[in-house]
């Protein structure tokens, strides 16, 4: 499900968020390669509060990684940070 | 619920905190797109101590991301850090 | 409970720790706005070992954010880091 | 399972993700060196939703480490960051 | 239990580790100020494998904070990093 | 079990990983100093899938700290980063 492009680049936080979800799903796929079993356990993901929250925690961790990879979307198109760190 | 603006910018920690909550809610929406089922599992979010704490952990993780994206609200309006890192 | 000042600044680690606790409590308030229900689930927070530890994990995560926001209290009053990073 | 090369370098996010999975598996091997017992507990990894998600959380944490070790794959082949941090 | 000195400084990783444990204990004290109840729930901390591991996770998070606050003990006594970051 | 050397330095990721495991074990020792009780709860560490995964999560967190302390093993022997961050 992850489109393994060469980078973790995402144009917007929304795109980054989708990538985080895909990264979370990827590990489930890797741990349980059998699609039929995955389909069988999926209902639990989406109907049990604790499981949903645990899954959303994994997404939050991946979103942290993706956000860092994109410098938190702070840069302008030209590759400069919008706020200057050092004035020398 | 997340207003997918182009950035993760928040003017204040309070605004950032609200964004963190919205980011947490977003993943629940993505995992369980069916609103009726979401409404059914929601009571558990808010009445079970362990579930509330687990949810608040997800918010804490997103708040970490949002706080980093806003340089922890250390900058003045003019885009300079209030404390100088390097004097050269 | 969080005094939403304009920043996450805390003068000392102790003050920062209190802010971390307040940030953790804030999310519980947001998830369960009904004070009566909060009061009802509170005993579980404080008498069940696993729940206490889960709550302390949320505090630890927020303390990480607050500590980073305050540059880990490494700076002197005058805004300089006590240890020099670069000698140029 | 981890190929303990001298670094955590991975050429692409995909390779980095595989390394993260290997790092997660490594600790299971270290905690439970007996292969027979590992094989016995493995089914639980892959068929129980909560366990799968917990395992995917460990992978997400290691992926964070590997991504940081590779500067989030932001560099060009020549070792320069694609976006300039400082213009002096 | 935390000696709220003015900083999170620790001379060695060992001292830092002790501080991390103290920070974890502090939150338990804050969540459950009643010492008698704390004493009652303490046995669970130390005899149940899952609870011990959950507690050790909190310590690991605080150790991360303390280690960062001490620049991972990379500096020499004179306040210089042992490895040079920039040669200009 | 942790050899409290003066630093968190590890020559290789493999050595760093071992240190991460030692750091995780250290907290278990601190929480439960009684060796007999530790021996009694140890089987649960290694035979229950959820407990093994929870323990591996603690290791992953410590590995993050150790990896950061070693600049992710990016430096050459001479203390320079293999990729240049700034060209001035």
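Order of writing sets the chain letters: A, B, C, D, E and F. Residues in each chain are counted from 1.
Here is the rule we go by: a residue touches a chain if its C-beta (ideal position, glycine included) is under 8 Å from a C-beta of that chain, and two chains touch if they have at least 3 such contacts.
Because the structure is a prediction, the values reported are computed rather than measured.
Colleague: Tell me which chains count as touching both chain B and chain D.
Modeller: Common neighbours, chain B/chain D: A.
Colleague: Centre to centre, using CA atoms, which chain is the farthest one from chain C?
Modeller: D
Colleague: Of all chains present, which has the mean Cα position farthest from that of chain E?
Modeller: Comparing chain centres, A lies farthest from chain E.
Colleague: Quote the value, from 0 to 180 degrees and to the nearest 5, of the angle by which the CA atoms of chain C must be rotated to coincide with those of chain F.
Modeller: Resulting rotation angle: about 120 degrees.
Colleague: I'd like the Å distance between the centres of chain E and chain F, where a centre is the mean of that chain's Cα atoms.
Modeller: It comes to 15 Å between the two C-alpha centres.
Colleague: If you average the CA atoms of chain C and of chain D, how many Å lie between those two points?
Modeller: So the centroids are 29 Å from each other.
Colleague: Just the number, please: Cα centre separation of chain A and chain C in whole Å.
Modeller: 25
Colleague: If you look at chain B, which of its residues touch at least two other chains?
Modeller: 45, 48, 50, 54-55, 57, 61, 64, 68, 85-86, 88
Colleague: Classify the inter-chain contact topology: is it line, ring, star, complete, or other?
Modeller: Contact map by chain: ring.
Colleague: Start at chain E, step over to chain F, and keep going round the ring; give me the chains in the order you meet them.
Modeller: E, F, D, A, B, C
Colleague: Can you tell me which positions in chain C touch chain B when the two form their complex?
Modeller: My answer: residues 2, 4-8, 23-24, 26-28, 30-32, 34, 37, 41-42, 44-45, 48, 50-51, 54-55, 57-58, 61-62, 64-65, 68-69, 71, 75, 79-81, 85-86, 88.
Colleague: Applying the document's contact rule, which stretches of chain C touch chain E when the two form their complex?
Modeller: Residues of chain C touching chain E: 12-14, 17, 21, 45-50, 52-57, 59-61, 63-64, 67-68, 72-74, 82-88.
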